[in-house]
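Shared between the two complexes below is chain A, which pairs with chain B and chain C, respectively.
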Partner chain A sequence: MINAQNLRKVYKINVKKSGLKGALGNLFHSEWMEKVAVGDLSFQMKEGSALACIGENGAGKSTLIKMMIGILTPTAGQIRVFGKDPRKAGHGYLRRIGVVFGQKTNLWTDIPVIESYQAVKTLYKLEEKVFRRNYDRVVELLSLQPLLSVPARKLSLGQRMRADIGMVFLHSPELLFLDEPTIGLDINVKHTIRTFLRQMNQETGTGIFLTSHDLDDIDEICDDAIVLSGGRLIYDGGLEQLKHRFVQDKMIQVVGKQEGDIHSRLPLAKIGAEGRVTKIVYPVREYSSAEVLAAVSACFAIEDITIEEPDIDEVVSRIFAGEGTA
Partner chain B sequence: MSREIKTGQVAARCVRPAAFLTQYLAEMVGALLIQGAVNLFVVLVGFLCFGRYMTIPSASALPAFALCLILAVMLRLMMIDVFSLLCFFTTGYLGISWTRAALFDFFSGAMIPVALFPGWLKAIACCTPFPYMLQAPVAVLLGQDTLVGLPAVYGLQTVWILIFLGLHGLIYGLARRNLTIAGG
Partner chain C sequence: MIRIFLEMKAQYIKTEMEYSANFWMMLFSGVLTRLVSMAAPFVIYSNLPDIAGWKRDEIYLILSFLFIAEGLCSVLFEGIWQMPAMVFDGKFDCILSRPVSPLFQVISYGMGLQGISVFLVGAVSLPVFLKRLDLFHPLGVVLSLFFVLCGTLLCMSIYLMGNCVVFWFDAGGRTTIPYTVSQVGQYARYPLEIYPNIMRFLLLFLVPYGFICVVPVEILRGSAAWTECFGVAGVSAVFFLVARAVFYRGIRHYESVGM
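Now for the complex of A and B:
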């Protein structure tokens, strides 16, 4: 679906000098510096999968999306989406993809949302049957009915984003590019959007390429991830493997009476008890989950047990702290 | 559109499966039709109230006027489009917008009728596209001097539209090749 080979984008940035003297000087002499936004990036995305692009601010995520949708020209390397160069694929390509920019809107701001949806029907030359099916689905799943008659500029950020996400599915895109779609939204709207995107990915097979700083977005929507740092690829693989590669400790919480000495079975684990609840934090490199569960079973009359999965927040903070990136 | 270019909102236009210019013209024509209907209503009320003090256009001038008006509107839209595209290469849009407005207001006859310009200034004005956006259709409607004759007005309007179309292709192509969108 997406195939990037040695993709590189370098921006030329005009360096402005400060002060009045500097401003006058800039009129006659410009200094330019080069900034590598994306550097020699290679990755692939499978059809119908959901791939997250993780990276700190300025890592090149948005630039990458803009190259994949054909807005920006790569400085070097090549990118193919559906086997074609997005820059040259024309309107046929744009009909197969959908794009949502969290900080911008695709709706026409001065007209009611439903008019924007009708405009999409005309623009994408959709058959009435297809349009109606998609329209009914997005209106129901995203609870858009009360918003349809309101001009986009009068919608709150959360309402606008729901309407934007709904609009992008009207033409049944095969591949969706989402650039920070939940930025600035409250928890309820985020949950609605994540659930909807996951559902559409699984039910319709729409591929999703997602960038987000909200790691819960990534956790709930995507299966695979690429991690960028300073425009370079530092991880490409499954999200679960990413978590396990960077997570050093796991925690098991046991409710029940302790009947044996857990310390002797797991000497490297940190164990804390509070009433009938015992928390066991163990290094994953020393003990497997099976070993820990066996030790817990032997030492506790278990009433309830919770295994805490590694948190993606922790993973990303470790990545950007430079730990375990070998 | 200048504002869209500066804020990056223009990206939304670039991912729609329709030519950039077609989208712009469709939006502007839609807006102008609504605005034109409102303006027509105001003019009709004006005529009903003060018609006897006004010059009533002759019905025979209307077909020639209609064609001239359509070309004038297209020309004006194309001119605005090209000036707006220049914002891809500047850090602000107010200067470009004010320059365009000043040139249009002065040379189109919006401030002072072009017929009242001294000969040399009238000659300069006729070499620009601006009189054919406002002065010409008004003169055709009221049966006044079009400065260059009606066939030449149509011809010059068409030529200027084609020039702006060419400039649109050139500037938009350059902008797409050298576009810089940093910081999201």
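Now for the complex of A and C:
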């Protein structure tokens, strides 16, 4: 669906000198600096899948999305979506995709939401039947009924985002680009939106390319992930493998009486006991889960046992801290 | 396409009417400012017999054409003035991601409320002064409608070109250039004979407000040949095409640098 080869985007930035003297200088000549927003990026996205793009602020996520939509020209390299160059594919291409920028709205701000939806119907020249079907579906799944007669500028952020996400599905896009779709939303709205996106991805096969800071978004909507840092690709693969690759420690919590010496069996693990609960933190490179479980069952009269899944938040902060990339 | 354009405008009028106080204020202020600018020729002509052989009512005819063109532009193409802000806050990205001509999307966006009253003042005064100058015959009316059409197109092209600077100069969505351009145009309220040559050239071919209002009146009063109608149509068409080209070139520039 998407195929990027050595994609690169360099911005020229006007460097402003500070102070009044600097400002006067800027009036007469300006200095330019090059900033690499995206550098030599190659990745692919499969038909109908949901791909997450993870990266800190300024990692080049928005630039990447804009290049894929065709509103930015890459400095070098090539990008193909549906096998074509988005810069040249024109309106036919834009008809097949949908775009939501979390911080901006696609709705016409001064007119009621339903009028924006009608405008989309006319602008995309949608058949009544297709429009009706999509419309009924998004209104129901996103509970948009009470919002339809309200002008977009009077909506709260969460309401506006629901209306925006609903609007992007009206023309049955085959591929969606979502730039931080849940930024600043409360947990209920986030949940509604995630469930909706996941459902649309699975039922209609709409491909989703999503950037986010919110790792739960990624966890709940996507299967695969790419990780960008400073414009470069530092990971490309499944979300599960991502967690495992960057996780160094796992923790097991055991409730029950200790009967044997766990220290001698797992000398590299950190063990802390609080009453009847024992926490064992072990490095995954040294011990397999089976080894640890065997040791634990030999040493404890187990009443209850939990293995903590690595938290993706922690995983990503590790990635950005540069650990585990070697 | 035209249907959706008119539907959008109707929507915007409906929205504006929700704030009735604001609505009436804007209408009132539009009428007031235009009436005040009509007072200037009145004062001048109470002290001078004529300006370069032009009668007072002919000056009012110039103003009528100007008001109609400005008013229609503001009602129909207000989005052009909002374009710098759209580029700055990223709304322009949304426009570019839709499979519809960006120019159409820009001009159909928003509506200038004051434009309604500016247009109304012009629409009332045009027939009044046509009549006073004995020009209210079928040919005069047809010519006037033709000039209104060309003038509106020309006015839109000037605004569009002025506002396109946003694609090259990132000034946080604010720039005074389009405003300056429209202010210069205000000098085309008087017969161009009174200005030095350079100013005439400026008002005819660089900021062609002359063709919106002065040249039409010259043709109507007979001081310019009727063949100048082709000049009016030609300049309007050329400026529209140039403005359109500048707009698309601006988008290309925007796409290569990003903001």
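In this section, the second predicted complex is superposed on the first by the 278 of 326 C-alpha atoms of A that agree within 3 Å, B and C clash if a C-alpha of one lies under 4 Å from a C-alpha of the other, contacts with A are read in each partner's own complex, and residues count from 1 in each chain.
Everything that follows uses one rule, which is that a residue touches a chain if its C-beta (ideal position, glycine included) is under 8 Å from a C-beta of that chain, and two chains touch if they have at least 3 such contacts.
From a predicted model like this one, the values you see are computed outputs, not experimental measurements.
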Quiz item: Is the arrangement of chain B and chain C around the shared chain A a clash or a fit after superposition?
Solution: clash
Quiz item: First (chain B), second (chain C), both or neither: which does A:73 touch?
Solution: both
Practice problem: May I ask you to decide whether A:115 touches chain B, chain C, both, or neither, giving the answer as first, second, both or neither? | Solution: second
Quiz item: A:206 contacts which: chain B (first), chain C (second), both, neither?
Solution: neither
Quiz item: Which holds for A:49: it touches chain B only (first), chain C only (second), both, or neither?
Solution: neither
Practice problem: Using the touch definition from the top, say if A:182 reaches chain B (first), chain C (second), both or neither. | Solution: neither
Self-check item: Touched partner set for A:278, first chain B, second chain C, both or neither
Solution: neither
Quiz item: With the two structures laid over each other on chain A, which partner does A:151 touch: chain B (first), chain C (second), both, or neither?
Solution: second
Quiz item: What residues on chain A does chain C touch that chain B touches too?
Solution: 11-12, 37, 63, 66, 69-73, 91-92, 94-95, 97, 99, 101, 103-106, 108, 123-124
Quiz item: Where on chain B does chain A make contact in their complex?
Solution: 7-9, 11-12, 14-18, 27, 176-177, 179-184
Self-check item: Footprint of chain C on chain A - complex, ascending
Solution: 9, 11-12, 37, 63, 66, 69-73, 87, 90-95, 97, 99, 101, 103-106, 108, 110-112, 115, 118-119, 122-124, 151
Quiz prompt | List of chain A residues in touch with chain B within their complex | solution = 11-13, 35, 37, 58, 62-63, 66, 69-73, 91-92, 94-95, 97, 99, 101, 103-106, 108, 123-124, 179-180
Self-check item: Complex contacts: residues of chain C adjacent to chain A
Solution: 3-4, 7-8, 11-12, 15, 89-91, 93-94, 96-100, 109-110, 255-258
